[in-house]
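You will see two complexes here that share chain A, one where it goes with chain B and one where it goes with chain C.
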Partner chain A sequence: MSDYLCHDFKTPRNDTSRRLPDSFKAIPALFYLALVVTAYFMTMDWRAYKKAEQDKIQAEASKGQHETKTKDLQTEKVGLDAETAKAEILAKWMEGARNVQPISVAIARAMPTEVRLSDLSLERSDQVPANLALSVRINGGSLREVGLMESGLSRLQYRSYAPQQSKEGDVIQYRSTLIRAEQ
Partner chain B sequence: MLWDELKSLLNFSAFKAEADDASVPWNKRFEGRKTLLLNVGRSQTSWRSVNKRGVFDDGGVMDGDFSDIAPQRANEWRMLADGGWCVVSVNNRFIISLEVNMMRGENCTSLLQTNPRAVLGPKYDRGKRYGICHHPDTSSSMLLACEESLVKVTEDVLKTIGLRPGRVCCGLFALTEHAIHEMYVTKRLNTAANFALVSACEGSVAIVIQQDGQWKELRSRSGMGPDSVETSLQIITPLLQKLPQGSPIYFISDGQDVKFRTEVMSVLEKMGGQDLTEEDLLWKVIGTN
Partner chain C sequence: MNPKQLASVILMSFIGIITYVGQIVHQKVESMKTAAQVAIDESKAADDAKQLADILLTKTKGETDELRRFLKSWTPSIQKVQTEQEMEAAVEYTLRERGISLVKSRKSETKTIAGDLFMPKLIIITITLEDEYAKVLNWLGDLEKRLPLARVIACQLTGGSSVRQIQLSVTVENPIVNLSASVGNKEAPKRS
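On to the complex of A and B.
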């Protein structure tokens, strides 16, 4: 058929609107494009959210495991710390507990031949094993022997703390606490 | 209202022509939709449907007044038209006349529909609806004047039965316009300086005579009925005799009434008449263009 356009004399309507120009088709096209892009991003975000939720559950489970492990390790550490403290005390005690034989020898050597020791006791302190309670009874001696004895002990790095001496006739009673001098 | 506008924008229908936008061919307005074509005569109404593929489908003819026929056929017609849209060819109570120096222009057609006085000037008659067909080379024009009351009654009847006219036209005038367009625009080189064009559409007839490239005479009669061969020939023959010997005579008709067409052509062929009619031409002209 030709491009002839048939005439028309119908009663015109008032509520008609002219068709929009074709260039305006960009508006709905952009709308649908925006809809698709938004839907794409929403889907991706939703999937990421779901994945994050699963990761969170896994992380929480892992955190629980780690906390249990930490608790166990802390309990073990407390035990070990207690053992260490005990060992340290023991080591300190062992460190302070030196031989008393050299002290006895040094006291005996300090005494001249005419002087006799009727009684000699060395008692280690329970708390501080380095401290020794010395008690000596010297028969036929004088204060000079006491000085000789202290000199001999000082060579062994011991010094007398709160020495007490008393003389009853020929007997000199000497008491002192020997303290090991630190190097 | 705003929602409807947004909806039409988003489903792209805002970019399609309105169903009754006269500036767009009918088949473009209703692509993919069924429509109904009606030809309303004085004592007879014929119809044809166009299916979604644009192919002519069911049709029929019924004798009687349109206002009586329409309610009886309402259900059938509504089924044949998506949204109730139809073309109505008013084939009664009209006059086609020859005019000169009519206003021409691109908006002339739409102006004739909305403000005919601006186009016709003193020739405007308040109770008429108009259609116009210009001679492509001269200042002559064919002016169709149809009774406005008939158009309004027809529209009201259709509205009552739930149909919506997307176009109201005159079948005979449409056939004549189509033939003129075919001769002057499509087959321009073959147009003779002298010729006669006889148009017939379900009981209405028109004849236009061209002499020396000018439309000289035009005569039309509407609403004569299908058995009016004699009357039609009485209108046609005197004008044909004014043509110079050997001038071509073209005949165009609705393509449905074979009896009328055969009888008229039997007379015209003796004077060298050529039949331009095609099958279902009326429906093609009003349902396609």
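On to the complex of A and C.
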């Protein structure tokens, strides 16, 4: 054997640096564990983020659609309300625009041939246009003609309110307010 | 500090950084989840509002159907007479049709109804004529038929110049209707 053989490698040596405490040996394991756990949570978070982002976009789009539709419906309702308001005004007008010719004819027809109508006046009330102020002068008539006239008017759905009649000689003066009876 | 200690410190720092970044990311995800939930809630609220508006519209349609059909059926009559000339023409036509020539007086005027956008004007015609009883009353019937929107505000029948004749004095008002007017909350109309 050569004298130069060296066995120094197998001889125990003192550490060049001091050993770490045992608890510190867990640090690399902890590092790898932290990497794995973080990778897991990051992946889950990433997926959750993407899903939430997609949900948000979908919800916002859906909200926009709902709002547009709501606006359309509200606009349509406003249009209907306006149309209804116009119809109500017109209906109110028409209520006070019923024909007066049938009334004149009914009164004239109610008079017998020997009786003469010398004056017939119909005036619409300013406050309630559906009401008509009637004034009639009957020559050579009696209360019977007044009754005939009133029954003729009732056939047209009108009734006399506060009728007044006076007789001066052969002339009967009759006044009343004609109110249309509700159907 | 020896190299092993240094390596431990570096690893611990990495662990700290990783944990910190993880937390930050998690917070961001949570805030995004909250925002998504808020958006979903808002979308549901918008859907509820839409359903409510739909119900209200359906209810309004059902409740106002009759009135709207009424307006629709009267629209042609409204459009028929929209000017003083058209009303004059209608009166003229009925007089000619009935062969009434003795018109004693005739006057027409236009009244403005302040604040009323739907019926902003009224055309008022006062006419006095004399003829046979049947002709005169038939003419009045014709006039009311031809001007269905017109309102006879005064009508007076008196004896004519002969026994067979009667004199009729009638005042008729016809509204000028603006169908395109926006009728909403308006003050009570005043006649001027």
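Here is the rule we go by: the second predicted complex is superposed on the first by the 94 of 183 C-alpha atoms of A that agree within 3 Å, B and C clash if a C-alpha of one lies under 4 Å from a C-alpha of the other, contacts with A are read in each partner's own complex, and residues count from 1 in each chain.
We adopt the following convention: a residue touches a chain if its C-beta (ideal position, glycine included) is under 8 Å from a C-beta of that chain, and two chains touch if they have at least 3 such contacts.
On a predicted model such as this, the values are computed, not experimentally measured, just so you know.
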item	value
First, second, both or neither for A:Phe31, with chain B first and chain C second	both
Contacts of A:Lys69 with chain B and chain C, given as first, second, both or neither	second
Partner chain(s) touched by A:Asp81 [first = chain B, second = chain C, both, neither]	second
Partner with the higher number of touched chain A residues, chain C or chain B	C
First (chain B), second (chain C), both or neither touched by A:Ser154	neither
Partner chain in contact with A:Ala91 - chain B first, chain C second, else both or neither	second
First (chain B), second (chain C), both or neither touched by A:Asp22	first
Overlap of the chain B and chain C footprints on chain A, listed as residue numbers	17-20, 24, 27-28, 31
Of all residues in chain C, those that touch chain A in their complex	2-5, 8, 11-12, 14-15, 18-19, 21-22, 25-26, 28-29, 32-33, 35-36, 39-40, 42-43, 46-47, 49-50, 53-54, 56-57, 60-61, 64, 67-68, 70-71, 74, 78, 118-119, 133, 137, 140-141, 144, 148-159, 175, 177, 179, 181-184
Chain A to chain C touching residues, read off their complex	17-20, 24, 27-28, 30-31, 34-35, 38, 41-42, 45-46, 48-49, 52-53, 55-56, 59-60, 62-63, 66-67, 69-70, 73-74, 76-77, 80-91, 93-94, 96-97, 99-102, 104-105, 108, 117-124, 129
For the chain A and chain B complex, residues of the former touching the latter	1-13, 16-20, 22, 24-25, 27-28, 31
Interface residues, chain B side, partner chain A - complex	9-12, 14-18, 20-23, 25-26, 88, 109, 112-114, 129-133, 144, 146, 151-152, 155, 165-170, 173-174, 177-178, 181-182, 185-186, 284-286, 288-289
